[in-house]
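Just below sit the structures, each encoded as structure tokens.
In the two assemblies presented below, subunit A is common to both, partnered first by subunit B and then by subunit C.
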Partner chain A sequence: MLTQVDRGPRAESLLQRQSQFNRCGASTAAARQHFSALILSDREENELSVPEIDTRKIDNSFLRDHNYATEADIISTVEFNSTGELLATGDKGGRVVVFQREQESKNQPHRRGEYNVYSTFQSHEPEFDYLKSLEIEEKINKIRWLPQQNAAYFLLSTNDKTVKLWKISERDKRPEGYNLTDEEGRIRDPTTITTLRVPVLRPMDLMVEATPRRIFSNAHTYHINSISVNSDYETYMSTDDLRINLWNLEITNQSFNIVDIKPANLEELTEVITAAEFHPNQCNTFVYSSSKGSIRLCDMRTSALCDNHSKLFEEPEDPSNRSFFSEIISSISDVKFSHSGRYLMTRDYLTVKVWDINMESKPLETYQVHDYLRSKLCSLYENDCIFDKFECVWNGTDSVLMTGSYNNFFRMFDRNTKRDVTLEASRENSKPRAILKPRKVCVGGKRRKDEISVDSLDFSKKILHTAWHPNENIIAVAATNNLYIFQDKVN
Partner chain B sequence: MFSKGTKRKFSDGDEEISDESLVGARVASSYSLQRQSLLDMSLIKLQLCHMLVEPNLCRSVLIANTVRQIQEEMTHDGSWHMVTEAFCGPGQSPSERLVATEVLCRSREQDAEPKLFSVISYEGCREEEVVADETLCSVSVSDTVSNVCLAGRIGQCWEKSELSGVERDEEALEDSRLGSGEDEEIDTEDGASTESPKTTGQVFGTFEIKNSSPAPDSALEELFSDVDTSYYDLDTMLTGMQSAPKMGPYDILDSLAPSHSSPSIVSTPKCRSDLNELDHIMEIIVGS
Partner chain C sequence: KNNVNIKEIGPGMAGADSDDSLYPIAVLIDELRNEDVQLRLNSIKKLSTIALALGVERTRTELLPFLTDTIYDEDEVLLALAEQLGNFTMLVGGPEYVHCLLPPLESLATVEETVVRDKAVESLRKISHEHSPVDLEVHFEPLVKRLASGDWFTSRTSACGLFSVCYPRVSSTVKAEIRQHFRTLCSDDTPMVRRAAASKLGEFAKVLELEYVKSDIISLFTALASDEQDSVRLLAVEAGVSIATLLPQEDLEALVMPTLRQAAEDKSWRVRYMVADKFSDLQKAVGPEITKNDLVPAFQNLLKDCEAEVRAAAANKVKEFCENLPEDSRETIIMTHILPCVKELVSDTNQHVKSALASVIMGLSTILGKDNTIEHLLPLFLAQLKDECPEVRLNIISNLDCVNEVIGIRQLSQSLLPAIVELAEDAKWRVRLAIIEYMPLLAGQLGVEFFDEKLNSLCMAWLVDHVYAIREAATCNLMKLVEKFGAEWAQNTIVPKVLGMANDPNYLHRMTTLFCINALSEVCGQEITTKHMLPVVFKMSNDQVANVRFNVAKSLQKIGPVLDSNCLQTEVKPVLEKLASDQDMDVKYFAQEAISGSSTGLFMEKQCALFPLSKKCFRDTWLPKCFVQLFTKQTILLFILTPNLPAEPSCSVYHHLLNLSLGSHI
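For the complex of A and B:
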């Protein structure tokens, strides 16, 4: 009824939970959602409480008393792993912080699997390109998890130029009783060794280490905006403004270029690639979106260089809405396959669209995220907000869409009931265990109590990055330098 | 009432037309004012960028496309034609002045000199407020009769004698520059067809002032011919700015105001004096 995904008996219980969630939402006109807020406090505070592994931490403890947002702490990407057990965030300072969900214990049933810091490491450092006299930012643009194959976790993280494969592993035992070295590791004088012993593994305090296993560099002239792991779990692709490269996870010294839209004469450049993703099930299929609002689906079996698309998804322009900003607001900032692989979701500046991959002429559904901004496009162009790249996510059953907006608002759209809700991620409005109150923006005329007028929106507080747990109704929302995790309340 | 020599731009038009079309003309003039300010803002955005970090290519492409769209519309209106005619010799068609993505990149022949603002943007810069959003955001781009009429009237306001006067002045200026070894301007004046790769790509091409002739570069080009310089083409936006402190969008405008003596954006004295000459031309045209 609610989803096309057939995942067996487990799906049934999920559907029941889903419908309960939706039914609760229908109770009042204000659409009360049963979300309780578990706010993860400012990440700086969290890092204090965890034994510090990374010795190169930036010390910003002096800022703790003030409510600054250090620019390096601005979260630039959020991603759950495939089981939802881990949540990774990357920031502008090149750091990755991984949170792990607590095991639910019978002793404390009300603490339903909270997320705590698991590992922190510096993924990328700022670099300087001497040839071009330009800095290469260390900001993490994207993180993608690899599916888990053993006890260790693997993720890909990328900045503008370099992709790195990180291995995160636990160590809770260490060998003791070596013959040739003493407990501190100093070499023992051989003449003092009179007996032989077998080293044994003794338990130690849990240590989580992150080590870079592969570094994929020097393949991109332009800024990398996306990475996507293939369903074959052997390859992945990295996408920059003009090219897409295919890598084997094991091989770092070569990659294949599969899409190249760079014109021979750069003066003729009018379109760039904005995002790309592999199909979740078909390892030969991928899509990429452009700044002109089109999405191309390519099949790697047709040719080595997939410059010719198999399908082109493009909606004809609405002539009544045409303005100088039409092209800019049609630029797609994010594209995501549904979990089923049957649908595509795209985000442009004002809307979220769902496409059926069998229908190229127009989207199946269009949802207005913040249409009240349509009359403000000129100001948004002036302050560059019109170029903000919002991401969008599906829930686990492909029935709800979520995306961010300004003023720390984020929006959810239920595809089945066609209802939508606006929620806010902010400290003042969310206490732990409190239920989020729906927000409303008033467009004109009388402003009701609790509504916000368009002119009071804070455009510096934008929610660009969100993530949805693959199976449960748990969402992670990044608001500048704060991470909010919300769960739905099941009675 | 008006001091001698002051140009009243729309006053002649006002007297001739009826009330109805006056309102239409006023709406259309506010539209073209807004369009102008949008054009200026876009050009500023293209030129200003982070000094150290590379500019966002997607953003630059979108802004360049917007500029091109405005230019095309102004060309259709005829208002673009008027402006370019004022500053270049006859025989060059406005279509050659269409902005490609030249601000994004340059061909290797050209020195990466800071681009001078065109006369149009210079003039428009005086109004520092961006005019209200709604009209710009919702206006249909297709030509309307009132737009075309207004453009025609603007043209009539500019007296022909004044135009040719400007041309004479400009040629005189260029003759003086010739002496110092500067011969690029003459190239753009005549022989437009042979220069088409350069002129097509230029932003408001006539004011492109290059400090060195291409000959020395060609030797260098051979040396580096196998280097992929596609990325260096983005230098356009960066090299001119590296010596200047980071400025907000309207700081640049202030520095280009007539009273300036040393605009901080330019890095060579040659360009500075050229800006002063531009200044001079502008004053003649605008009559301020």
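For the complex of A and C:
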């Protein structure tokens, strides 16, 4: 029994949250009300490939008193599966919440695309490494879905040290009939057993179970920042600050180190690995990005150890822009292959860049995410925001890029029309099912109506993690402890 | 204490009605769904007992349908289930009904866990042979087709392993369908399935008619060998080897060799690694002519490969490759083509390559004969004995026997000794451990004189190593040396030194004496043990360190069987009894254990063995079939179990019996 004493505020909020989720899952009318969806936006302004955005908001904060929104509830990763039917989020409390897309139904067409809680489980627990006297946080750094192999779903989740493979499966049958006990569970007199009963499976209410299938541990000395599943369906890699390891998904007691940039003497350390990803369909190719702003592409065919890259993507530094912050802001926080495998997208502090895999010398396209912050780097350095790791995503057709910014703003760039838009994920400034209204930040001069000045941006509200449905215009945006799901307007 | 209070346990248990046998079975059936995985696993392993009790009819209509849906369980349970079902034919009513086993195995063949799927496929292959030709077409072949066209790749991968078992026994139309299905899987969208198909290609080719091997298999092989994923291409190499064995010599050049040549030069090192790894098989499959013309240059390239993993794999094959060369040109090929490459590998930059080579290079001496060995190989051996990497030196030392036969070990001993001494003092304890393990072998080859002179002191030094694993290995090593050189040698050279350590100020070293005595008492025999060792052990029973004292108790228990019974009673027993009243708890425990411990105690009265009432007892002890004695504080219950019980009733059965009896009688 869980006693009241054991239930700190964390446990309480977790319990509360789970019960609320269950209500959502049960699709009761009461729970539905919480899924307030908003529509905002000015149609003309917003003619990207997400021209009319109907917003559905799944807002975790409704689940409890606002005071309860603890550090543990901050969402730390968001990821759609390969069909887009499921969406997983991980948080700082080590929990994984999986949402499932509502099936299309005739009587409620507007419900299509709504994502409901499918399964919630505690993926990682806080640990203590006694040998190194280090606390290991339970925060989920990354989630990656595996290609579907049978009726169950599989995902990899990782904290700083340990990767886990989870199976999420449904169960709708239950065996019935015991020999030694009767229907009410009372023990039968053994003398009355004259025939044997074989249990029979009977239908029951659908139950979704999450079971840990494998635990890949003890292979990383530094903090894991990325995991990526290979297109051979057999291996994946995990990346920490200095090394990349290759695992077989079925083998937990050995992994192969394929990249090691640790210098013999740690004082000579000049760069760290910030992110890594496999090519979407060439099983031998992967890229990793560094804190110095370079991206290296490696070919596992040439050698077992990939310390020597086969391509190096790097933009020569512009000497006129050089400053104390140059190196910090050129650090790449995320690198993503396009779905086609032809392009790479990288995010550094102020820009998003698209590289052609066949051109190493300079990026194909560069987009400014929030150039207005260039003058504020000093204060951003002081409040540590300059080290924020923003992620970036492609849309399903590789034509639009999305990445986050501050003040709950996120940015989209259309590669064909070269238009861009700033949108805001917030409950206060938008209503359910409304069209999202583009936002503008004014830089100096006079502030027009609807514009927000650089000085009033809230740097504590940052959008670091976003995800784009693999083939539809549905996006998931994590704004601290809230998850927003927006989609093209239906009908 | 011996006043046994026997109680009957109720008509259901003690009576000899026919229903009695149902109870344990009922327990087994219920435990198929117990919350404890271990109990479920036990039940699944007794599935044949359940089926036997249910009879063939109910097994078919009730048990199998239940098992078909039991796919939510833990892997180990599913694995056991898949294995059981492969042996179930008689339990469902013989070959006539064997097809009833297909549904549960089919559902197991689609789970995500590879080991379970593989086991299900193995069982399916097994029972396929028990199908009549008609049943095979009516039941088995449709199952293969269903799996082959399944939605998820797990089922399609399982299908790959089933084609070869049904192909030989079906009609030609069905054969054509099977070939078509296999073709489809070879070009499946998912690499998983293509890999499964590639790994079964060779096996499938073996059951195909030669014309289809030439028309179908070759094109599939070529396609898989040039797959975009190197994980598929590398599996095609092995298939190529199997296919090559099937084809007549004259077709090899045109049909297989181009692809294999391409694989040996593949862009991906993993594919080249696979070629190197399968090189001996390949060599046997293609015959001497192709070996001479094609494989020798290919092998040279692999030995010079730019990737160390490939070189290491090739280096591992050097001896086998040379052995299997056609006899007429063997020596020339080795001397002119292989040896130059080998010489380069001796100074390779990668230690794995060097140690792979070191593990086989000695084998070349038997092939090349005395003169060549002395002239060409000996310098290489000597160079490797001085290698900076300990593993290389160890590998050379561990294979000394080959050279010993050809040129005698004396040629090497000058370089050998420094190498051994250096390894023996290596800073890494694993290296020291490895060399200790070769000591008995070396002692055998070098002879007792050389050993006494040069190596004996090393062996004694290890006994006081600061790493326990080394001290432990050193004691074991002493035992093996005594086995080799005899008890007399032991008494003169080893025993005095070992016993001398009993006075060492370090208690760890004093304990080493005891461990050595444990190991040596049996090989040295009763006389030495009683005369020389026992007094030392007795003396140590007064040691001030408790660890030493309880190890004395353990030692006495261990060497007890070597001693005669008189000595046991008059000398050993008093000492143990004294220890049993020691103030230290552990010493007391081990002394008690030595006196009357469960099965190994020296003074245990065998007739009244006690089974302490604990769960553990039921796990660890095999209880007599006819009765079980259960001792509790108050009561002793005697259960008469009916002889109908399965040969090895699961501990859970006893556990239940126990709960039941305690519930009704106490």
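Rule of thumb we're sticking to: the second predicted complex is superposed on the first by the 408 of 491 C-alpha atoms of A that agree within 3 Å, B and C clash if a C-alpha of one lies under 4 Å from a C-alpha of the other, contacts with A are read in each partner's own complex, and residues count from 1 in each chain.
To be clear about the criterion, a residue touches a chain if its C-beta (ideal position, glycine included) is under 8 Å from a C-beta of that chain, and two chains touch if they have at least 3 such contacts.
Only a predicted model underlies this, so the values are computations on that prediction, with no experimental measurement involved.
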Original post:
Looking at the overlay, what does A:Asn150 touch: subunit B (first), subunit C (second), both, or neither?
Top reply: second
Subject >> Touching partner for A:Thr194 - first (subunit B), second (subunit C), both, neither >> reply: second
**OP:** Based on the superposed arrangement, let me know which partner A:Tyr381 touches: subunit B (first), subunit C (second), both, or neither?
**Re:** first
Original post:
Which partner does A:Leu180 reach: the first (subunit B), the second (subunit C), both, or neither?
Top reply: second
Original post:
With the two structures laid over each other on chain A, which partner does A:Glu234 touch: subunit B (first), subunit C (second), both, or neither?
Top reply: second
**OP:** Determine, under the contact definition given at the top, whether A:Pro212 touches first (subunit B), second (subunit C), both, or neither.
**Re:** neither
Original post:
Who does A:Lys262 touch here: subunit B (first), subunit C (second), both, or neither?
Top reply: first
Original post:
subunit A residues touched by both subunit B and subunit C?
Top reply: none
Subject >> subunit A - residues contacting subunit B, complex >> reply: 132-137, 160, 221-223, 241-242, 262, 266-272, 274, 291, 319-325, 327-328, 331, 374-379, 381-382, 384, 387
**OP:** Under the touch definition given earlier, write down the residues of subunit C that touch subunit A in their complex.
**Re:** 10-13, 19, 22-23, 25-27, 29-30, 32-33, 53-54, 58, 62-63, 66, 69-70, 72, 110-112, 114, 152-155, 190-192, 195, 228-231, 267-270, 306-309, 656, 660
**OP:** Using the touch rule from the top, collect the residues of subunit A that touch subunit C in their complex.
**Re:** 147-152, 154, 167, 169, 171, 173, 175, 178-181, 189-191, 193-201, 231-234, 250, 282-284, 300-304
**OP:** In the complex, go through subunit B and note every residue touching subunit A.
**Re:** 34-35, 38, 41, 45, 52-54, 56-59, 61-62, 64-66, 69-70, 100-102, 104-105, 107, 130, 132-134, 136-141, 200-201, 228, 230-233, 235, 238, 242
